[in-house]
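By letter and in written order, the chains are A, B, C, D, E, F, G and H; residue numbering begins at 1 in each of them.
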Amino acid sequence: MHDVFLYASVFLCGVMALSLYRAVFGPTVLDRLIGVNAIGSKTTALLILIGLIYDRVDMFVDIALAYATLNFIAVLAASRYFQKRKGLYDEMGDK
Amino acid sequence: MESLLSNFLAKYNYWVYIGLVMIGMYAMIAKRNLVKKIIGMNIVQTAVILFYVSIGAKKGKTIPIIAHGHEETGHHAAQAIDYISPLPHVLMLTAIVVSVATLGVALALAIKIYRQYGTLEEDEIALRINEP
Amino acid sequence: MGVYNLLVIFLLVSGLFFFFAGAVGILRFPDFYSRLHPAGKLDTMGLFTSMMAMALWVVHEWTLGAILTALKILLIVAFVFITSPTATHAIVDAGVRAGLLPWAKDSREDPT
Amino acid sequence: MDTLISIKPLLAVLVSLLAIPFIAYSRSPNVREGWTFLAAIVKFGIVAAMLPAVLNGMEISCSLVEVLPGLSIAFRVDAFGMLFALVASFLWIITSVYSIGYMRGLDEHAQTRYFCFFAISLSAAVGVAFSANLLTMYLFYEMLSLATYPLVTHHQDQEARTSGRKYLLYTVGASIGLVLPAMLMTYHLTGSLDFSPQGILAGTASRGTVALLLFMFVFGFAKAAIMPFHSWLPAAMVAPTPVSALLHAVAVVKVGVFSIVRVITAIFGTDLLQTFDLSTPLLLVASTTILVGSFIALSQDNLKRMLAFSTIAQLSYIVLGAALLSPKGVTGGMVHIAMHAFGKITLFFCAGAIFVATGKKNISEMTGIGRRMPVTMTAFFIGALSIIGMPPCGGFLSKWYLVLGALDADKIAILVVLLFSSLLNAGYFMPVVYRAFFCPPEEALFEARVQEAPLCCVVPLVITAVISILLLFYPQPFMNLAVMAAAKFTGI
Amino acid sequence: MIWPVDLIIMVLVMICGIGAIMVRDLLGAAILFGAYSFMMCLLWAIMGAVDVAFTEASVGAGVSAVFFVAAVFRTSRRTKD
Amino acid sequence: MKTFALITVLLLGGLLFYGTPDFPDWGDPASPASLHVSPYYIEHAVEDTAVPNIVTAVLADYRGYDTMFETAVIFSAGIACLFLLRVYRRKSARTRLYRHNLTGVTLRIAKGGKLPEGSAEFERIDSVWVPYDMIIKVTSRLIVPFVQLFALYVIAHGHHSPGGGFQGGVIFGAAIILYALSNDLRRAFRRLSEKAALLASAAGVLIYVGTGLLCLLLGGNFLDYSMLAEMLHTDAIMARSHGILIVEIGVGLAVMAVMVSLYYNLSSAGRHDEGL
Amino acid sequence: MTVNDAPANQSRNRIPKAQPPSTKPKRSPVPYILTFVVCMLTWLVLSGKFDLFHLSLGVVSCAIVSFASGDMLFATKNPKRLPGQWLRFATYVPWLLYQIFRANMHVMRLVFHPRMMDLINPQMIKFNSRLTSEMARFVYANSITLTPGTITVYVSLYGGYTVHAIDDASAEGLPGEMEARVAAIFRE
Amino acid sequence: MSAHFPGLVIIIPLVAAFLILIGALLDKRLAFPLTALALLGSLVTAIGLLARVMQVGVVEYHLAGWAPPVGIAYRVDHLNGLVLVAVAAVAFINLLGTRPLVVEAFGDRLGPFYTLYILLVAGLLGIVVTGDAFNLYVLLEIAALTGYALVGMGEGRAPLASLNYIFMGTVGASFYLLGVGYLYLVTGTLNMADLAVRLPALYPSKVVFSAFVICLAGLCLKMGFFPLHAWLPNAYSYAPDPVSSLVAPLMTKVMVYVMVRIMLFVFTPAFAFDLTAISEPMVWMAIVAIVAGSFLALSTRRLKRMLTYIVVAEVGYMVGGFWLGNRLGISGAILHIINDAVMTLCVFLAAAALIARTGSDAIDDMQGLFKKMPVTMAVFVIAGLSIIGVPPTCGFFSKWYLISGAIAAGQYGFMAALLLSSLINLVLFFRIFEIAYFEPFEDHHAEHPTGHGRVLSAVQEAPLELLVPLVVTAALLFALGIYAGDIVSLIIDKAIPLGIV
C-alpha cells in the first residue's frame, strides 16, 4: 500500500504541475486564481498522502485541515479585490 | 563524471535552496517594483528556511513527534536515530515568524510610500522626488 | 491485498482521475468562466473520493485513534464541501465584477 | 635632578580655566575684566612661585590620569618650560590691561567671548610649557589651536572667515596630519612619549626614520610658521591687535617653536641629531625662513602684516638656535623666546594703539605720527631695536648668543644669515620710525585731532618697552633658565 | 522513500518562485506567491518538518497571501517588471 | 541594473556552491548536525517535559527564550504596522451609506444622521459598489466558529500533534480575518476592536514573559517552568508540560491579535474605515 | 434613533417607513448552547483525548468559541425548527452527492471530449427562485455550483439567481428539482 | 538577585514594552515615565553586570535552566559587559533628551513609539548578551524590525529609505542565518562557546570557510560597511530625529560588536586572521570605506546626511581596526565602539536640537546659531572635536589605538586613511561652525513658510530637557577620553583572547 500512496502522490504532483501552468501562464489574474485554488485542493490531499507514507496520518490531518481553511481565505481575499476595485485592467500600465 | 552526478543527486535539496536564494536576490536587485522586491525578500527567507529544514532531514525516519507518548506506562525511550532531528524545525518556526513580521512591516511601508508618491516603481518614485 | 485494499485503491485512483480531469479541464477550456467548472467541481469530487479512500484506509486498523482520524478526514471533506463552491462563486463573482466577458460560442472571439 | 611632586603646575594651568565661568557670567564688564585680571595675576603668581625651586635645579611634576597604558596626562616643570610659562603668564597680565583699553576703545562686540577664549588660550599655552610628555603637549597644543580660532576670527566677517579657515587648516591640519602619526610612530618605536633630557629616540630607529620623524614634527608644529607652513600667520593678523599681540607674538607662535625645540631636545636629543647629522637640513629650513620672511616683510605696507612676517623670520631664529645643537646656540634660541616676546608685543601694542587712536593700519599713512603720539612711537622704536638686536635692548643678548652658538658650531653660513637678517630687520623697521618722527605729518591724513591712545593702551606698551630694555641688563631669570635648560639638553 | 515527490515539488517551487517575480501584475504575483507558499509547505511536510509545514500552511497560505492582497489593494497592481 | 543583478547573483551562487560539495549528503542520518544536540532532545524530551512533540518541547522549553522573542518580534511587527500606517483622525464628515435589505435601495445619510445598526433591515455599507453577497457571508458564518475551535484545538494540542501557540494563533486570527473579509471591517471591529487587539497582543506576550518572571521569582532561572511545580501541584516534569501550555496560550493570544491588527491596518491603509 | 434625524437635504433618500427597534432584541441563549454542543462534539473528534485535562481544555475552548461567535452558526430566529431541518438536510445530502457525481461525469466527458469546443456553449442564465430564507438560498446556490455544469454567479436580494452554465443541457435543468428539494428542507 | 542580572538586563525592558503599550492605552502620559524607568533599570543592571564581570570574570546564565548546548545561555564577559553598559546608557540618555521632540512628532502615537523604542533597545541589549548564535539572529531581527518602523516614520523619503533598509537588513540577517546554518550543519550546535570548541577540527572544510564568508558578508551588510552601505545614509538621515539619534549610535556599533564576537569567539582568531587570507582585503576595504565615507560626507550640504556618512567612515575605522588583527587594533576597534556610540549620540542629539529649532537640516540654514543656541552649539563643537579626534575627548584615544595598531601591523595605508578622514572631519565640522559662527542669524522660516521641517518655536536655546542630556553626553566624551587607559587596561584587555598579540 505504501507504494500505492507514493505513486499516487507522484501522480498528484504531476497534476499539480498541470494546474500550475494555469497559475503561471494564465492570461488573467483570475485564471491564476483558479489555478492556485486547484493547487490548494490537491495539496490538501497530498498532505494526507504524505501522512500515510510516513504512517503518521493523525499528525498530518491537522495540517490538511488548516490548509483547507486558509486556502479558502486566500482565494476569498483575492476575489474580494475585484469586488471592491471594479476593473480587471484598472491601473494596469499598458492596458 | 559519475561522482559529480551522484554528488548532485545526494545534495539536490541544497542546489534548490541555492537556486531559490539566487532567484530571490535577483528579484531584490533587478526588479524596480517594491512589492516585487518584497516578494524576492520573502523568497530568500524561505530559501534559508528550506536549507535549515534540509539539514534536519533524515531519510526514512519519522517525524519528530514521539509515537505513543507518555500515556502508556513505562514508555520505551525514544531512539534518536528513529526521528528527524527537531532542532532545525524549531529554529525555522522562529524564522518563519520573523519573515511574516518583516513582511507585515515591509508592506506597511509600501503602502505608506504609495500614499506619498502614488506609485510603487522605484524609478518613478525617483522622478517624483526630484520633481519639486 | 484484500478486497478492502482494492476498494481503497479504486477510490484513490478514481479520485486522482478526477483531479487529473480537473487539471486538464482547467487547461483546455476556452475561457475563465468555463474553466471554473472543472476547477470547482472535479477538484471537489477528486478530493472527496481520494479522502474517502484514505479515510477508509485509515480505519482498517480499527482503533479509536484511527476512527477519529478518519472522522477528521471527513471533517475536511465536509469543510471543503462548504468552502469550495463558495470559493468558486467568489471567483466567478470577481470575474463578473472585473468586467470579464464570458466566451460565447457564437462569437468565437479570442478567448479571455 | 630632584623632583618635587606638587599640584602647582596643574593649578597654573587650571587657574584661567576656572576663571571662565566667572568671566562668562559676570554681570558688568568691570567685574568681568576684574576676574580676568585677577586670574592673570594669580596665574603669574603660581608660576613665579615655582621659579625658585626650578632655579635651584629642581623639577616639579604632577601626574593626573593615565589615559593610555604608560601614557598619562602629566606636568613637569623644568627650566625651559618655566622660561616660557613665565613669559606667557607675565605678558597675560599686561595684555589684559591692554585688551581692556583696546576693546573698550573700539567698542568691540562679544567681549565676554573674547576674554573667555583668551583665558583658555593662556591655559593651553602654560599647559604646553609644563607638559611632561608629548601626549600632554599635543593635547594642549590642539586646545590652543581651537581656542584661538574664535579669537582670530573675532570680527566674524568674510576676511576673518577666510583667515580663520586658513589658520585652522594649517595648525590643526598639520598637527593631525603630521604630528599625530609622528607621535604614534615614536610611541611605537620607543614605547614612551615622556620628555627626557637626552631624548628617547636614540638607538631605536634608523637615520631615515629619524629624519622623517624630525621633519614631520618640525613642519607639523605649524604654529612655528616654518616656511612652507607660514602663510596662516599673516592671514591671522585680521584678529584684534591684543590677540595678535599676545597670541601671535607670544602664545601661539611661541608654543609652536617651543614645541619644536622641546621635541628636538627632549624627544630626539641633541646627540642623536648630531650623530645622524640632521641639523644641517634643519638649519637650512630655518635660515630660508628667516631670509625669505624678512624680505617679504620689507615689502609690506600694512603694519601688522609687516610685523607678522617679521615674526615668521624671528621665530626661525629660535629653531635655528636649537638646531645649532651647541649650548650657546640653544641658550640663544631659548632666550630669544623671551626677548622676542617682549619686543614684538611692544610693537603690536603700538600698532594697536595707533589703530585705536587713528584707525590707521598702513605704514604709508603714518607719516609724522610720532609727533602726535610720542610715547607710543618711542616704545615702537625700542621694540624695533630689540627685534633688530641692537644693544640697548634685550634682543641683542639673544642674537649675541646665537652668533656665539653659530661660531661654536663652525657654521659660518649661519653667522652670515644672522647678520644679514639683522640688516634686513633694520631695513624694514627703521623707515617706519623715520617716517613717524622725521617726516612732517600730512594734515590731510589727520582730520580729527590725534592724541595718544587711552591710558590702558599706553601703559602696557610702555611697560613692555621698558622691560625690553631692562632685559639686556637684568636678564637673570630668563638667562639662568635658558642656560640651565641648554646645559641639560646638550649634556654639558 | 519519497524523494521523487520531493524532487517534483522542488521543481514546482522553483517555477512558482520564478513566476511570482516575473509576472507583470502584482495581484498575480501575490497569488503566485501564495502558491509558492503551498509548495514550500508541502516540501517541508515531505521532509518531515510537520510543525514548520503547519506554520507555513497557516502563515504563508493564509495570512501572508491576505496581507499581500490587502497591500496590493491599497496600492496598485501595476508593475513594469 | 539587470546585468549587475545577474553578476551579483551569480557571484553569490558561486559562493554558495563553493561550500556545498563538503556538505553531508542530504538526509544522511549520520550527518554531524544530527549527532550532537538533536539526539539529546529526541531522547530526553519526553522524560524532561512530558511532551511527545519534540518540536514543541524544544520550542517552548529548551529554547523557550527564542520563542519569547519570536513572539516579541510578531508583537513589534503589529505595533510597527500600527505606528507606521495608523491615521488618527476625528470622525470624518463623510456621509454614511446604508442599504435597505428589503428593497435594495442605498441611502446616503449625512453626518449626524444615523440608522439603527444591527437591525436586519438596514445594513451599513462602505461604498456604493459593495455587492450584496449572501453566499460568502453565510459561508463565513458557518465556518468561522469551527475554524476558531480548530485554532484553539491546535493551541491546546501542541504537545501531542503538530501545532502550538503560533499556528493556532494564526488560524484564530485568520478566522477573524475571514469574518472581516466576508463582512466588512466595521463588523470585525465589533468582534475584536483595535484596542482589544492591541491589549490582547500585549497581554499575550506578557503571559509568556510573566511566566518566565514567575519562575524567576520562585527561585529558578528565567523561564524555568519546573519552578511552577508547587503552584500547579504537580511534579517538575508535568510543571514543564503545563508551563509550555501556558506560554503557548500566550503566544496564541498575541499572534492572533497581531495578525488581526496587521490585517486591519494593511487592508484599510491605517484609516480603519473600509477593509478589503 | 430614527431616520428622522437625518438632515433635511437628504430627504429624497428618505425611506417610507422604518420601524425603530426600541430595545435590542434580547438574545436567546439557545444559539449559544447549541454552538457549544456542536463545538464540543467537534472537539471530541479533533482531540481524540478523553482524559480530564484535555476535556476541560475542550470545555474552555468551546466556551470561548461559543462566547465569541455563538451568534454566527445559528442565526435563525426560530431554533425550534432546526432539528427538523437538519434531519431533512441529512436526507438531502446523498441525493446531492449523487447529483455531484453526475455533474462530474458530465464535466469530465466534456473535458476529455476531443471536440469539446463544439459541445460546450457557455451562457449566463437568470431566473428567480421562490426561496426566501438566507440559509435556503445559500444551500441552493452552493448546490447549483456543485452540480451539473452550472455555477452560481450572483444571488440578488430578491432571490434572483444568475448562473453560468457550461452547456445547454446544464442550462435547461434549472431551477429544476433541486429547488424543490431545498425548499422542502426549509419548509418554504 | 545579582545572579539573574544577565537575564534581567533584557527582561526589564521587554516586560516594560508591553506594560508601556497597555499603559499608553490608558493614558498616553504614562508611556514616557515607564520607558525611562525600565531603561534606568536596565542601565543599573548593566552596570551591575559589568561590575560583577570585573570581579568574578565570565558570568553565565542558563535560560530556562538548561545548560548551554541544549538550552540557550547568556554569556557575559568583559567585552559584552562593556558594550552592554554603553548601549543601555546611550539609549537612556537619548530617551531623556528627545522627549519634547517625540511628543512634538508622535504625540498621537506615543504608546507605540515608546514600545518600539524599548523593544529596539531590548533587542540590542540581547544581541550583546547572548551566547547563542541563533538567539542572536532573533534578537537581531527584533532590533531591526523595530528600527525599520521607527525609521520609516520620518518625513520625506523616510518610508522609501526604510524599505530599502528592510531589504538590506533582511538580506544581511538572512546571510547571517545562513552562515549559522552552515556551521550548524557541520557541528550540530548553536552555542557560540560550543561552536568554538568544535570548529577547529573542521577548519579545512569548505563549509566552514563559506560560513565564515557568508556570515561576514551579512554582518557587513547590517553594519553598513562601505560597498554595502547604500541603505545607511538614507535610512539614518531621513529617520525622525529622536530615532536617528538612537539608531545611528547603536545599530552599526552593535553590529560591529557582533562581528567581533563571531570572529573572535566562534571562529577564533586563529581561523579568522591566519587561516583565511581575508584580513588584508578587509583592511583595504576599510580604507576605502573611510575615504569614501569622508568624501561623501564632504559632498553633502545636509547636516544629518553628513553625519550619517561619517558613521559610514567610522564603521570603516572599527572594521579596519579589528582586521588589523593585533591587540592594539582590536582594542582600538572595541574602544571605538564605545566612543563612537557616545560621540554619535552626542552629535545626533545636538543635530536634533538644531533641526528642531531651526526647522531645517541644511547646513546653510544654520547661520548665527552660536548666538542663538550657545550651549547646544558648544556641545556640538565638543562632539565634533571628538569625531575629529582632538584630545582629551574620547575620539582621540580610540584613534590612537587604531593608528598604533596600523603601525604595528605595518598597514600605513590604514593609518593614512584615518588621518585623512580626521582632516576631512575637521573640514566638515568647521564648515558648519563657520556658518553658524560667521553668518548673521536670519529667520529663514519667513522665506520658506512651507519649507520642510517643523519649528518648535522661535529659534532659541533647546529646551532644558534636551540640554541636560546633551551636556551630560559631552561630559561623557571627556570622561571616556580621560579614562580610556583604564577602560583598555581593565576591561578591553581582558576581553581580547590571549592568543592575540
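Note that in this section a contact is a pair of C-beta atoms (placed from the backbone, for glycine too) under 8 Å apart; a residue touches a chain by one contact, two chains touch by 3 or more.
Because the structure is a prediction, the values reported are computed rather than measured.
Asker: Work out which chains are contact partners of both chain B and chain E.
Answerer: The shared contacts of chain B and chain E, listed by label, come to A, F.
Asker: Could you say which chain's mean Cα position falls nearest to the mean Cα position of the entire protein shown?
Answerer: H
Asker: Quick check: more C-beta contact pairs at B-H or at A-C?
Answerer: A-C
Asker: From the C-alpha centre of chain B to that of chain C, how far is it in Å?
Answerer: 29
Asker: As a quick test, compute the distance in whole Å between the mean CA positions of chain A and chain D.
Answerer: Chain centroid spacing, chain A to chain D, equals 87 Å.
Asker: Between chain C and chain H, what distance separates the C-alpha centroids? Give it in angstrom.
Answerer: From the centre of chain C to the centre of chain H is 56 Å.
Asker: Pull out every residue in chain D that's touching 2 or more other chains.
Answerer: If we look for residues of chain D contacting two or more partner chains, we find none.
Asker: By residue number and range, which residues of chain C touch two or more other chains?
Answerer: 22, 24, 36, 44, 65, 68-69, 72, 75, 79, 82-84, 86, 88-90, 93, 97
Asker: Among all residues of chain A, which ones touch two or more of the remaining chains?
Answerer: Answer for chain A, listing residues that touch two or more other chains: 16, 33, 35, 54, 58-60, 62-63, 65-66, 69-70, 72-73, 76-78, 80-81, 83-84, 86.
Asker: Touching residues of chain B toward chain H in the complex: what are they?
Answerer: It is residues 21, 25, 28, 34, 37, 41, 44-45, 48, 51-52, 55, 87-88, 91, 94-95, 98, 101-102, 105-106, 108-110, 112-113, 116, 125, 129 of chain B that touch chain H.
Asker: Give every residue of chain F touching chain H within the complex, in rising order.
Answerer: 15-16, 18-19, 21-24, 31-38, 40-41, 61-66, 68-70, 72-73, 75-77, 79-84, 86, 88, 195, 198-199, 201-203, 205-206, 209-210, 212-213, 216, 220-226
Asker: Applying the document's contact rule, which stretches of chain C touch chain F when the two form their complex?
Answerer: 79, 82-83, 86, 89-90, 93, 97
Asker: Provide the residue numbers of chain D that touch chain H in the complex, in ascending order.
Answerer: 65-69, 71-73, 135, 138-139, 142-143, 146, 150, 153, 156-158, 160-161, 164-165, 168-169, 172-173, 176-177, 180-181, 184-185, 187-188
Asker: What does chain E use to touch chain F in their complex?
Answerer: Listed in rising order, the residues are 50-51, 53-55, 58-59, 62-63, 66-67, 69-71, 73-74.
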